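Quick one: structure below, then a few questions.
When the chains are written out, they are named A, B, C and D in that same order, and each has its own residue count from 1.
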């Protein structure tokens, strides 16, 4: 019976060997990125997992402050705006270099921005640059590159002419479409190969060394980075673990230094730990009502009754569990300088009255409606809870239907639904990223709702250079949206992660942006 | 072997006496009887769910979420405070219906297909098995989507459809059995007596090939019950808040360490059903087997 | 033909557990077989004749079967109490068996060559090549044409008669002292039956072995056996030299068997024309002559007490209250 | 025999062709496209993208282009989701991984399944029979998404013998391979047992016993071949399934295999990648079934292909 102990010993030896990890030395930060990135090209990428990696390698004109997200100098040392708010001038630092030694200058940015706008690049995010003069026309092949309002005034000065004022432009240029791409690598390897390991050239704190699809992506410190002295980590490893429960086990087992997306069954356990990091996230979970298809939902009284009769606090406490805040408005109350109108209320008695006024006292005769959601555990739970709340408070029966993501997207965009779960994450810290969804011609509207007054207010806000007046106009527009109720906001998202206590310099912030430049891991 | 214990040693077994004999022999197999009783019990539970479940499957009570098992909630409560005991009871309806309907359809098609191919041999066999290969080559998920396009969300049609695309392994097993049995003497004998091929296959060969087929079918039913959870994930199975064992198990998979009862009871129920099916299947195999009469 | 006894079976009792109760397949059977003798065991289906052979060979399937009591002395050793391993060493070497159905008794997955030689290689520890040579020679002697080619075939590639010849070759190859042949011709065409019987006779004479020939067909033993045992319901009804048995049957059952001897012109059948009814299933039989319900001479005593097997002055044995010769001792 | 093999092999070509054609059209009939996104992108941008991937062409033309590239250049096309990766690249990365895990799992399943099945058959209704068959029922009734976390919990979190997830070291192989092997072991054990019991009561076994062969020889030489036929029937298709990877196990253990490719591709409507994975799957399957037929003939001489 000596077999068992011997086998265990051999096993232990083997596992010790594999855990020591084949000679990768130095300070490393290992994070679960949740999925395999589509690309590492900042011009082509679209999602958060890509952004987590890209922002470590490509430094924009400005960078997010890791704590409060205000724009801090990146490649640009300083910037200024013309009084009419239409021209921004960025002064670039002279010592910024690509990892191959090539300098980063104003032309780098001009070229990068024209590249993303070019129809040949086929970038989904090109529209974010359409605030630049003639940019939209260029993408649509209606004008040539020279007409686009990006000018390298001298080697290290970049002037940007906008089509309309964007007061938060420095924050906007932190976003990935505005980040530079290395022309020398793109020219050499081609637009869809240059970002592979061994070819990619970076101007940020880290540069790509290993990319094994579905296995891992490893970045190493970029020694040519202008501020390399401040970079503490030697290596950053991103893992594409799709199963959040396994990712959490890996983290708890010391195989990762950080994870997000904690399975809801584990939240109560994890919440108590010191390495649990949480905070509001710049997004709203809400339901859309289809107001175009002729159903009871075309009646605003019905929509308001539905919105009034759910218990958001319960949903947040028992389903969300991360400290989500019940929505009082559509825009999250997180944007500096904007106080959204708090018009989302709960009042079951009033809801009943409104429904009666709409012709359905105690829900009698109310037609059957269906809640559509994309398959995800929390979506289902919320739909089940809301179904029950409506039944209890209004006496109406609704059905629930889940669909796989792409089918759901198609149903929603073709208005083939009654009530649909939705969520929106803002791209930049401004209410406009939420409000311009519901203009009549917005592709993201998808509710069939249209209000000329709302559209007019937003048009005026877009042309308004004064921040205070602009904010008031947007508030007025949001009031219209919430009163007419084509949507039913439920809660403001919360982001939760586990970050090992020996990791310093990662802060929770509402865009979930985590520059790793100054992060360190204390062993 | 003593010849009076085995009077029909090498004669093909005929249908009627076979069934009567099989039932009698099945009745003597205690485990099989226990399995059968358990299955009947579960079917009764499914039929009577509205009357025996203490709560409705959709009775949400958020503040009472994740309660551990107690007198009021013998299986605890789930993430929305619903009684797990009641949900397991309600879930039996979907799971059992799916398991049996699908297995029956797959059995009917697979056995017929495999028997015909195996017996005919030659070109017909090749053509039939290549057809099965084509169906194999297209994964399950594809069929499901295809079927949904054809049948819409019609719940039972979908499962008849799934049965209709999951018969290929059965066909292969049947074919293998038939191929090795068809050269036996009694087939030649039956043939020389002028029995039609149809009769030879279904009266003479199949009864003797039933053993492995029955075991395989009892093995596939759990798989089908679990597949249903995946279909529901795609929006094709049951719709919330109705549930099934497969869904309950997949919902509970992340709760192993935090709320183990969420996974324990659905998994346990599934296992009990499985064991019952299994004993019944083994019993049936022994009972149907013409040459295992003296096995107790 | 007085000779040394090869096998002495006494008081053999073998039972099978069935769903309906304990079935006594062999009920107190005793007999001797001398060297070079051919013993025929005759009976209907279920009379226990095959079970007797299997019991002696230690091949009763267990469960459900079990040899309850008795002894079978072979070479001074009791086969029924031998450790399984020693018994195994005897099987396929000293004692071999020819089975009824050459279609199912040969392994369909293995070549004839393997099946013919494996026990030789195992028991005699001779090289495969030598075993093969012997097998080819034996095939030739059992009348298989082109044995070098046929030996490489699979069973299904041979006709039924050929397969039975292979079975015989298999049994004879180890040069055994005792061969059990369990209905060696039943599964064969009538024309082939005679050839096979002739073959058995020749080989037996040539090799000087003892043969136990089990059959339901008295016609088969007539030409081959020296002595015949008639079995009924697990018991010996009569035991007599073949000539005496045919000339002067003692047991009414034997008489019935003789009367129903099939005309070679008619298709063979298992039914006994002269005896109505079927043999009883030997489960919990009452203390009575098991043949009584079918016997034309049955009297009250037949239904009240089982007759003992009595040895008579000429060495024949019979178990009957009213033997056909009037009970002369 | 050779002629049969050749004919059998040639007959698989139309099979594969039909599979490919069905795949091409069926995946395009599924609602949702590769470039549908949550945030609506302006039509002009979407058109740029679709042009880049030839989605603006007519369907027959896309089909011919795709088929032509595969047949003449063995090029499965660019992935529609992973920019800059060709399907060939992606499969070249993931197929060896799945092959490794799958083959290991299959070997484990075969070895343990045969042993367990044989022991159960020979000790029918004994202690080992009940124990092993109980194990096999659990192996079949416990879903993979439960087995993998349980193994992780036990071997990684409690005993600290193995890593939870990831890829690279030999230890990373163990949990995925064992998880994947478990249900197959159970199936093989059951089928082996059933097959053995079926063969063990054939007459030829008595013949073999009458020849004085030891039980082990009877088992290995006489009985096993016949009882393997149902196992082989099962393993043919199972091989293709197990080797192309299990999405569940790969996801839970973070194994970079083809199962994950397939699931992600299906959810992303990555047409070329789906088709590529399916093509590999069908090729393997056709090959496996081909092998099964050959094995049948090798196992059972009575099966003849004329």
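Simple rule for what comes next: a residue touches a chain if its C-beta (ideal position, glycine included) is under 8 Å from a C-beta of that chain, and two chains touch if they have at least 3 such contacts.
Predicted model, so just to flag it, every value in this text is computed and none were measured.
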Required steps from subunit C to subunit D (each step between touching chains, minimum): 1
Most remote chain, CA-based centroid, reference being subunit A: C
Comparison of A-D and B-C (more C-beta pairs in contact): A-D
Innermost chain, where centres are averages of C-alpha coordinates: D
Geometric centre distance via CA averages, subunit C-subunit B, whole Å: 47
Mean-CA-position distance for subunit C and subunit A (Å): 89
Whole-Å separation of chain centres (CA-atom averages), subunit A against subunit D: 38
Centroid distance [mean C-alpha coordinates] between subunit B and subunit A, Å: 46
Touching two or more other chains - residues of subunit C: 54, 61, 101, 104, 156
Where subunit A touches two or more other chains at once, by residue number: 245, 404, 407
Where subunit D touches two or more other chains, by residue: 149, 153, 201, 206, 226, 300, 302
Pairs of chains in contact (touch as defined earlier), listed by label: A-B, A-D, B-C, B-D, C-D
Residue ranges of subunit B touching subunit C (in the complex, touch as defined): 1-5, 7, 9-10, 24-25, 28, 183-185, 293-296
Subunit A partner contacts - residues on subunit D that touch it in the complex: 31-33, 35-42, 44-46, 48-49, 51-52, 78, 81-85, 90, 93-94, 149, 152-153, 156-157, 160-172, 251-254, 256-257, 260-261, 264, 267-269
Interfacial residue positions of subunit D with respect to subunit B in the complex: 8, 11-12, 14-16, 18-19, 22-23, 26-27, 29-30, 133-134, 137-138, 140-143, 145-146, 149-150, 153, 187, 190-191, 194-195, 197-198, 201, 206, 226, 229-230, 232-234, 236-237, 240, 262, 266, 278, 281-282, 285-286, 289, 292, 296, 300, 302-303, 306
Of all residues in subunit A, those that touch subunit B in their complex: 244-245, 263-266, 268-269, 314, 317-319, 375, 377, 380-381, 383-385, 387-388, 399-404, 407
For the subunit D and subunit C complex, residues of the former touching the latter: 201-204, 206-214, 217, 221-222, 225-226, 299-302
